[in-house]
Amino acid sequence: MTTFKLELQHVYKEYPLQNGSFKTLEDISMQIEKGEFVSIIGPSGSGKSTLFNLISGLDSPTKGDILLDGQSIKNKKGFVSYMPQKDHLLPWRTVLDNVILGMEIKGIPKETARKKALEHLDVFGLASFANEYPSALSGGMRQRAALLRTILLDNNVLLLDEPFGALDEITRMKMQHWLLEIWEKYHHTILFVTHSIDEAVYLSDRVYVFSHRPARVKEIVEIDLPRPRDPSIITGENFSRLKERLLTLLAKE
Amino acid sequence: MKKIKNHYPALLMIVFGLLLWEFFVRLSQVDIWILPAPTDIIQAMVKQYPILLDHTLITLYEALVGFLLAVIVALFLALLIDSFSFFKRGFYPILVASQTIPIIAIAPLLLIWFGYGLLPKIVVVALVCFFPIVLNTIDGLNQADSGLISLLHTMNATKWQIYKKVRFPSALPSLFSGLRIAATYSIMGAVIGEWLGANKGLGIYMKNSSHSFLTAQVFAAILIIVLTSILFFSFLLLLEQKLIPWAKLNQED
Amino acid sequence: EPPKEKAKPMNIQVMLDWVPNTNHTGLYVAKEKEWYQEQGLNVEIVQPSDGGGAAQMVAAGKAQFGISAQEEVTNARAQQIPIVSIAAIIQHNTSGFASPKEKNITTPKDFEGKNYGGWGAESEKAVIQSVMEKYNADFNKVKFLTVGDADFFTITKRDVDFEWIYYGWTGIDAELRKFPINYIELRQIAPELDYYTPVIITNETYIKEHPDIIKKFMEATSKGYEFAISNPEEAANILLKEVPGMNAELVKASQKWLSKKYQEDAPQWGIQKPEVWSNYAKWMADHKLIPSMIDVNKAFTNDFLPKK
Amino acid sequence: MKKIKNHYPALLMIVFGLLLWEFFVRLSQVDIWILPAPTDIIQAMVKQYPILLDHTLITLYEALVGFLLAVIVALFLALLIDSFSFFKRGFYPILVASQTIPIIAIAPLLLIWFGYGLLPKIVVVALVCFFPIVLNTIDGLNQADSGLISLLHTMNATKWQIYKKVRFPSALPSLFSGLRIAATYSIMGAVIGEWLGANKGLGIYMKNSSHSFLTAQVFAAILIIVLTSILFFSFLLLLEQKLIPWAKLNQED
Amino acid sequence: MTTFKLELQHVYKEYPLQNGSFKTLEDISMQIEKGEFVSIIGPSGSGKSTLFNLISGLDSPTKGDILLDGQSIKNKKGFVSYMPQKDHLLPWRTVLDNVILGMEIKGIPKETARKKALEHLDVFGLASFANEYPSALSGGMRQRAALLRTILLDNNVLLLDEPFGALDEITRMKMQHWLLEIWEKYHHTILFVTHSIDEAVYLSDRVYVFSHRPARVKEIVEIDLPRPRDPSIITGENFSRLKERLLTLLAKE
């Protein structure tokens, strides 16, 4: 039996509500190998963010198990870098000090951390805002700061929940490009939630399509496009085929 | 800065109040030993200046030391209570109880335990001051955004790191509310402490003046108490604005 | 005699000098036996704050009567505060210096090197200085500790060697507790300090405007104290009934002791002598406790005591 | 509900403390008039039950009426101060000043102004209670999310609508902090009020007992004060949880 | 001279920053006729949300004027319905009560408002969450609630700041369809910020392309596609041409 980098085994999740409880995740299983880039798409409110909360140890599954390198990380924190859907920047820290938060928590000296972060601020278009408080940032800028904070946390496995949702297409493409570069360089394993089918196809090795709530894995679509991928492949035929396929799957919901 | 700068309305109201008071006393011919006019009070103050200074310094010393003691004890207790739910449930009622006991009722005990020196006064100040600080700190710590805390949890932050980076900063405004309330009470606390038995201090000065029916002197002492308390309060307000620069940006209107 | 017409009873407030105690028994007796009612008075007895306040209240006309002491009245008169003493509740000064037996303080000479616990007034120091000088003792060798409201038994547990007490209350309590004390009665060592404490006061305006009411009030009050003099046991029970939270044993013993002290050698309860007033005022002036001598004839009057 | 339910730790600590106290008194042979043992206090309480009840009811009445008065005045003032920056600058120092004056020092004035009835006690309670409420309410109103306020502004909401729909709800937790502090002080305030001049109430009972060296009765009264205060405090805690149901969901950990 | 429904005349906006101030909007002029659907696209952080804040009266331009039906609405609130980029749901209101907020502020009785809102909840996929607090909603569900709240506010002019940013493509298409339906039925004038070029082309009559900060109007692209538009036009040639054009304009930045 192979051990996967990240494996979900029959994960269930129920939430209590004002009136009764209801199921959010139903029997989710996933196998992700080291270095894979895997996306999840699914209807709004199906349970994607919930799944990330479970993997990151913030919440615990009602049933099932979550394995990292064959070891259960159910309820365990700190094994993956998680960028939540909301940016959660600390209002009392400048942009620079926000992005080094993860490093600081790992015990890296503040000065070292700042130096490392400053190298990246430019690519993220945040250089001139290093010393501002988050209240002076636009929505997209906040998201970029949150992404940089996640990457700098420097774990092997990244969970990214709609990291580019608030970015214009050009900035988004730049960020996508940069993310692929980082991924290839550091051999991250990435689990990626997006609402953009284009984005899912362009970035991923594999796409999990979730059903409506309670979310089940409706289909797993292999993205057999060659790497490295050039932005121009978006206009290619294979790309369109895959896109069509995913759209159909989602539309059926 | 808004609160500190531009004192005109306060000054205006105070000056107006004083004038009203002066005229009321002069016109209604209230006896000076019942209600001295502001000018009588100033006169008494000027005449007794060196003696008053002497007593004031002692009272201020007691108030400051007691306040600092209260801050230390309060922060320690707040942390303890916040950290261990056992302590929360156990200490909370005891804290409340400590405030409901009229200090005068246990004056003899305080004397027996702490003697006649400065200590019992400092203890009284600390008793009066620590409660609003504890309560506000605990409430402040609980008001921290749960999203921010979750984020730090995913980074496997220690309890202490979550305190340092999220819960303390978000408790600061509430903590300062508590500190300001405590500061308000601190000098009065010292005076009450002196009332229970002392050789020196504004409390004694007031008591003796009152015994001799020198009401203007009593009011001179009250004036000093009020002014120094407001000074202390304002200082904390300034400190707060220094320590919470990010709040400025959020509070435009 | 019953009132001629059924007039609405007059509301009267009496403010005490301290917590209710056997010094006040006559008032409570008169109230309980409805002797005030018979005079057409509806009397309310009010306890003061720790800062005292009866003199101010009476002077301000917010209480018609109050319990005070000769020292306070003298002080007040010196500040042109128009209060007047209308009866001495106890004929002689029953206060003195008490100390636990083992401290061996039997004369003012023994005060040297000891700690005195008091409430921090200048007059206390002057009194102690006076009596010590009589015994050629060095006043500067006494250490003064201000202990405020705390009581004899508490403070002598902690550093204090002697305190100024009322024998009728604290002294009696020591007897009951079998707490051996040495007691130096003030009037024995300094006859000039045999001043009246406590006294009943009213204010000058009230005297001018309502002498009749004062008379009625004093009529009933005198009757109350006379009852306490002749029936200490029953008087004590009345006080206990009227005032919450008191120690019955102490009240009864204290009442028994005081019943002989209210009138003592005077022809009538309440009488005040001019020389007691002038001697003490002079002593206060000599010791710079008041800025100048007062007119003692304005400070007290026997006019409202019932004619016997 | 967490804070209210599960009182075991508090009970445990209290029982433990009482036992310690009892043993300490019994073993060290402290005189009963200095520090009575818990059993002595209970005995005194049982013996004096009807008298105590009488006085307690009066004190509670003063405390409750004073507290309600304080709440009304405080909310009115908080609104005034919050609405008009002129009042903010003018009243704030005066509010603070009102708290720094030792009540005992102005006892004669209070008596002269308000007489000997229940009124001066109610005034003292209100004086002691209104300050923490005002301060916390103002701070709470200022802590409202500026984004939410902006949203209502775009809807052209009136000042009052913004209060009702945004600023009050978000000030509620802070307001309740203030109410709880005030409740804690209210009964003690009534006792102090009685001290200024009265003929009934727990304050008078304590004072008389104290001068009769019946310390066990003093402690019996203190016990009643403490218990009723805690009851009052707990009631407000319950009320808060009823009125702020949405907070439950946010405060899981 | 024609009067436009909404007209911006040479609008400038500068923000103060920690170090100095900087320009966000530079000489923005726009003319929008009644019933038009106009989109704005531009780089993240260029000033799109800032522009909406100016139009809605939340903030005031440093220079220039904003006219509605020929009347200046500079600094005036309540003339347009604004859906900000952040959802700003009130945590203390259920979903149903959140969506009727605007109606309530307009003075519509709560019950009437609730009834009207309930009719729409189903289309928005929020029916089963009507009585939940916002903390139980997913990111996309929050956004849908915020959109419904805006529409129900019932102004002629709608400002929508990335209303569909957090929605999956299927839900997004459903919402787009629904929005066009509403727009045609009620003759709204819509100003729409989006990051999706597809979305801008599919929905709009005209697209304003903003430059990098400080934002200027770089180009105005007329979308001359026939209406009503079927989702299938996305694959058409005209659509692709317009998309290409916009992409190029943005990429040049």
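Labels A, B, C, D and E are assigned to the chains in the order they are written; within every chain, residues are numbered from 1.
Rule of thumb we're sticking to: a residue touches a chain if its C-beta (ideal position, glycine included) is under 8 Å from a C-beta of that chain, and two chains touch if they have at least 3 such contacts.
This is a predicted model, so every value here is computed, not measured.
Steps from chain A to chain D, taking the shortest chain of touch contacts, total 2. The fewest steps needed to get from chain B to chain E, moving only between touching chains, is 2.
The chain with its Cα centre farthest from the Cα centre of chain A is C. Two chain pairs, C-D and A-B, are compared here, and C-D has more C-beta pairs in contact (counted per touch definition above).
Chain B and chain C, compared by their mean Cα positions, are separated by 38 Å.
The geometric centre of chain B is 17 Å away from that of chain D, both derived from CA atoms.
Averaging C-alpha coordinates per chain places the centre of chain A 86 Å away from that of chain C. Residues of chain D in contact with two or more other chains: 34, 104-105, 108, 112, 195, 206, 210, 250.
The set of chain A residues touching two or more other chains comprises 86, 133, 136.
For chain C, residues that reach two or more other chains under the stated contact definition are 50-51, 56, 60, 151, 154, 157. Remark: the chains found to touch one another pair up as A-B, A-E, B-C, B-D, C-D, D-E. Touching chain D in their complex are the following residues of chain B: 2-3, 6-10, 12-14, 17, 34-35, 85-94, 96-97, 99-102, 104-106, 108-109, 112, 131-132, 135-136, 139, 142-143, 146, 149, 173-174, 177, 180-181, 184-185, 187-188, 191-192, 195, 203, 206, 210, 218, 221-222, 225-226, 229-230, 233, 250-253.
Residues of chain C touching chain D in their complex: 13, 15, 18-21, 44-51, 53, 56-57, 60, 62, 151, 153-154, 157, 173, 243-247, 250-251. Considering their complex, residues 31, 33-34, 48, 51, 54-55, 104-105, 107-108, 111-112, 115-116, 195-200, 204-214, 217 of chain D touch chain C.
Partner chain B is touched in their complex by these residues of chain C: 50-52, 55-56, 59-60, 72, 75-76, 79, 81, 120-122, 144-151, 154-155, 157-159.
Of all residues in chain A, those touching chain B in their complex are 53, 56-58, 77-82, 84, 86, 88, 90-92, 101-102, 104-106, 133, 135-136, 153.
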